């Protein structure tokens, strides 16, 4: 198993991740594709169940094709521990640095979810149009890579940029990335998939509502209460979505 | 069979519902999914054929997966008579209180139908853009839960809220629920499915038409006449839609 | 075989239509569904190959389900000659009266094609955004049933209304029907299917273009030349569309 | 094998193209259909691997149906060398004249990609909304056939018009064609398919973003850097897209 020297020895190799979690991450990738959140790009990760200093993420590939064996373990520096020479995502630093900054976060989705992107390039936050997106709270965070690094290829391709993105995210659940996409965080894989899907749905609703007139969004109290209730219902949609993607191997 | 103490003894247990009606309700759930009216959330109910004081509704699950055996009998207080320990929808009170307030209503759909939601958050009623949605009459009712209950999780999660929603609906066929979704009623399961689908279609048309200029809607006379004619044609689309969802067991 | 007394004896029974034409009409119905021009409603007809005083049209049913045996022969008064007791479309008068008024027309599609409807309710004509819709010429005709018949159920449910619609159509290829849908005519079944599909495509393009700024449409000369060229290419898409709908029996 | 006299003898017959390239071109056609860039119209070509003076393009047919045996070799004048009497595309001159003017171009897609067309008729350039469309650089070129040829059928149906289009394209990657569609060029078949797809995606994003307010596009530096990075990731989506279209024979 290839060990990248950058990983150092301090962290060491965590134990083998729970096979059920690995399978669930493969399914999560496919759900994101089936629901139109990702196309050939974008990725989902989950924190390692045996080590908070590691996370699981597919090798560099289209999410729709991910199988169990494509899941790689990374440390928070974004160093792959068992890639075995396979290419990894250029933007694994999104995951590592958010897991480092946000101990409450257990799972992350980065995507170019299409309805969300127009908000990121016009500096309009996403705000919760309906109860399903109560997790948006009082609105999304905004990140412009140009502010921290000048002209780039827009990607979070190193740890410094990952830290800047995590800073912009702060305590929110979603950060819009100007000219790029968005990143959503959650306290479980099921929850973050739910959030990534309903961020996209909310964006589409918000685009249409803005065209009709002044919009009454959920206020902070409503958003918090709705989010709490929805968390009790996530299993219902996970059952549907995972059935729809079929067997992963 | 689990009996919730809240159901009291007054209503008693109605007879076994007509198996054909139970099957039709399962099909109705799947049609709503296939036609994009519901996603993993939303529900359809029908009044019990042997007791106007009861209604049939699936247990808490994604509509696309409903089978005959998932259909539960409720009384108008929203108490499940034969859930057998299975979870039920938090918002069953939508159904119970509307059946109580509207003896003419035989079937109800509650959904987060996407094109409809922007209207509910901008206080614009849906109005009939074409004859297929003549049932919208002179426009939809509007309900804002904040007016009656302050900051909530937006859900109709008890009888008091159900009564308030039924009040807002009044004698109309559709009520928009701010920050949540909408509820459509009808005199049969086939009719309410038709209405839920064409409320969504009409909303999409109305969104686009508003972008083009001043819209000439059907007037009240036209709407009433069109609705009466369409009621004679519902069988045609029910045949199509039910064939498309295939076998339910 | 049921003979409607209204059909009289003057016209008489035409010969059996060409089986290939009957099959093509069934395919045409299914193409319209597959391409999103019709849903459970709408219909396509073709003039009888052995009698210009008759036309072929399915019995009252969803277009997506039409088979050869569902095709009925009508005279221009809208009287079914061989319905055998089966229900027929309420709006067969659209077809009969346009065939009577326009000897050049060999095939007709009536639909509620969704992107087209917003134009009909705002009195904006469809105009050719690109060469594929050159058949729109200098724009579509407009028909408001209220102008000729006051408050109705919006349907062309008798010969008088059919005549009024044919008058509004004039020499154009498409007439928008306020609060209802549209009707497209052509010189062959392949051509009218092409036109019905590209009227819908054009409407979507036009909706989006209007949102961007002043639109340069094809002028009349361009439209006429483009339409003539496209007529030589219709076989290409008919091959694709008919393959996609698969066998009809 | 039919030899068109216009092809002359100077160019002569190039060698047989690489079968892998022929297969890839068939797949490319089907990807464009599956991804909504082409419908029954539009075409993709690739420069001949054994002769820069020739290119490969399907015979006149719907892209979704192209098989290996439908690929024909053309010289830069647009003369088919091995069509064997089969019809060829009216607009093959788009390909020939751009290959002549742009030695760097190895593959070309011409389409009526729907979200792009509204830009061409309002003279708004496409500009890169996100990193995936960095190849759009500082914006698309614009071509109005009326400026060079008066009223036409809008098609690039001869070499003179092909030259005019190539002039309008200049050194850019995409030219919008007023009232018609667009043409995208690339340095490989994989890259041009990627570009054609993301030109369409970008157009949809840009339409929505313009509706929200002032848009911050990628600047030229960002666009160039993003384009360079994306070129290293094209294999990932090509794998996905080619798997999805399945076997081509």
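Read from first to last, the chains carry the letters A, B, C and D; within each, the first residue is number 1.
As a working rule, a residue touches a chain if its C-beta (ideal position, glycine included) is under 8 Å from a C-beta of that chain, and two chains touch if they have at least 3 such contacts.
The structure presented is a predicted model; accordingly, all values stated were derived computationally and were not measured.
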### Task
Going chain by chain, each one touching the next, work out the least steps from chain C to chain D.
1
### Query
Copies chain B, chain C: same or different interface, half of numbers shared as the threshold?
different
### Task
Please indicate which chain is farthest from chain A, where distance is taken between mean Cα coordinates of the chains.
C
### Task
Quick one: report the Å distance separating chain B from chain C, using the average Cα coordinate of each chain.
34
### Whole-Å gap separating chain B and chain D, where each centre is the average of the chain's CA atoms
48
### Message
By the touch rule stated above, which residues of chain A touch at least two different other chains?
### Response
211
### Task
Take each protein chain as a node, join two nodes whenever their chains touch, and name the resulting shape: line, ring, star, complete or other.
ring
### Query
Name the touching chain pairs, please: which are they?
A-B, A-D, B-C, C-D
### Query
Any idea which chain C residues touch chain B in the complex?
39-41, 60-62, 64-65, 90, 112, 114-115, 117-119, 121-124, 144, 146, 151-155, 157, 178-181, 207, 210-211
### chain B-touching residues of chain A, taken from the complex the two chains share
128-132, 134, 201, 204-205, 208-209, 211-219, 221-222, 225-226, 228-229, 233, 236-237, 239-241, 243
